[in-house]
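Please find the structures below.
Both complexes below contain subunit A, partnered by subunit B and then by subunit C.
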Partner chain A sequence: MVLHTVNCPPSHPALGQCLRLLAPGDALLLLGDGVYAALAGSRAAAELAASGAALHVLDVDARAAGVLERLADGVSVCDDEGFVALTERYPRQQAWY
Partner chain B sequence: MSAPSVLLVTRHAPYGASLARSALDAALAAAAFDRPPTLLFLGDGVLQLLPGQDASGIGTRSHRRVLDSLPLYGIDTLYVDSQALAGHDLTAADLPPGARPVDDAAIRALLAGHDHILGF
Partner chain C sequence: MNYALLVLASPFSGTGSLTAARFAEAALGRGHHIARVFFLDQGVGAGMATAVSPQGEADPVARWADLAARHDLELVLCVSSALKRGLLDDTEAARYEREAHTVHPAFEIGGLGLLVEATAQADRVVTFGGSA
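Then we have the complex of A and B:
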């Protein structure tokens, strides 16, 4: 089980690579420009939901971007402590940027 | 306790940024401490493997040449994103000896199967 962190916007090829390799049981945290992939109704959000991975978004970045107001279903909001907790739960991490 | 296994993921082309070079430096450093990592070339990272590189004109060493020297340092496990290979019309014949193309399922198994992941 791997924690994937994504901080590139949805059009970036790194998100496509991440989507290819996400496995059910993995977790994914969207931060920085990555939070736009959690926009309700967006193609990226649909593809993430189909992955079967546990989806998280960093609260401050999602709020800054206006994404918190229109967050896709199934994406949980996590603060810095939640981020740390994720890194404890998933010792393997892959950063997509 | 056996030594923790390290997967080094390298995702960028060799000369446009320093990331690919840094990945190799990290691999060599780990090998120097008897922890030779497994290397995974993903996405544009497969462009590091193009044969026939000559970087003398841009004042640096040929990246492929450094890659070819990795077995000397005990780094001989190289995996290559087969989808990216096909996307750039590269074939197994272009790869350094011993490098193995892997599909997405095998890459997921590599990510989940090592104790640590280093991403570049």
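Then we have the complex of A and C:
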């Protein structure tokens, strides 16, 4: 039960490193340029979906990147309160950057 | 719950520092306590009193200072990260014989021990990473 956060674009090694550990029961929150990994139809989004983890994007960053309207299925949008709620639910956070 | 925040993200590029400030505000709003916010590496820029944000752009230094003033938050800049970037408070400016102090009064300078202490005591540690 780990909350992973990724703030780098899919081309950065951080996402691949996260994917190696991301497991069902974990959650992933995409922040900053990390939100591009949630683009519908992208390879990154397919790999994330296959991990079995719960997938989230931060609303402000997804909106700024233009990703909000093109989110892959199964990715939920969370605001700052939702981010805090994720840390309440998942006792440990692993930040990938 | 008791939170400790570690901010590695620069306030001058990317969104990480502002995201951390918004997270802190949201956590306090949900009734949590924030024991300490520790700024490390490029994250220490958040305490730069002499930074001037362009008109119309977010001002992370003011954002953190305002948050600290309203909620009595403890904001600590890692001493070695701060000094090598020219971030000095009164004490360090006197110690190293520099003419100006450049740290915003809402921040203090401290050692890594303060990070260790905060993470040991916290129920939750949230890191805001450096790149992007």
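The rule is simple: the second predicted complex is superposed on the first by the 97 of 97 C-alpha atoms of A that agree within 3 Å, B and C clash if a C-alpha of one lies under 4 Å from a C-alpha of the other, contacts with A are read in each partner's own complex, and residues count from 1 in each chain.
Following the convention adopted for this analysis, contacts are C-beta pairs under 8 Å (C-beta built on N, C-alpha and C of every residue); 3 or more make two chains touch, one makes a residue touch a chain.
Here the structure is a predicted model, which is why all the values come from computation and not from measurement.
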Partners on subunit A (subunit B, subunit C) - clash or fit: fit
Subunit C versus subunit B, contacts on subunit A by residue: C
Which of subunit B and subunit C A:20 touches, first, second, both or neither: first
Where the C-alpha centre of subunit A sits as vertex, the angle toward subunit B and subunit C in the overlay (nearest 10 degrees): 60
Touching partner for A:93 - first (subunit B), second (subunit C), both, neither: both
Which of subunit B and subunit C A:42 touches, first, second, both or neither: neither
Contacts of A:9 with subunit B and subunit C, given as first, second, both or neither: second
Partner chain(s) touched by A:81 [first = subunit B, second = subunit C, both, neither]: second
Subunit B versus subunit C as contact partner of A:1, first or second or both or neither: first
Smallest separation of CA atoms, subunit C relative to subunit B, angstrom: 5
On subunit A, the residue positions that both subunit B and subunit C contact, one per complex: 14, 91, 93, 95
Residue numbers on subunit C that touch subunit A, as the complex places them: 1, 3, 8-9, 14-16, 19, 22-23, 25-27, 29-30, 32, 123-132
Interfacial residue positions of subunit A with respect to subunit B in the complex: 1-2, 13-14, 17, 20-21, 23, 91-95
Subunit B to subunit A touching residues, read off their complex: 9, 11, 42-44, 83, 104, 107-108, 111-112, 114-117, 119
Residue numbers on subunit A that touch subunit C, as the complex places them: 5, 7-9, 12, 14, 31-34, 58, 60-61, 64, 79-81, 83-85, 87-88, 91, 93, 95-97
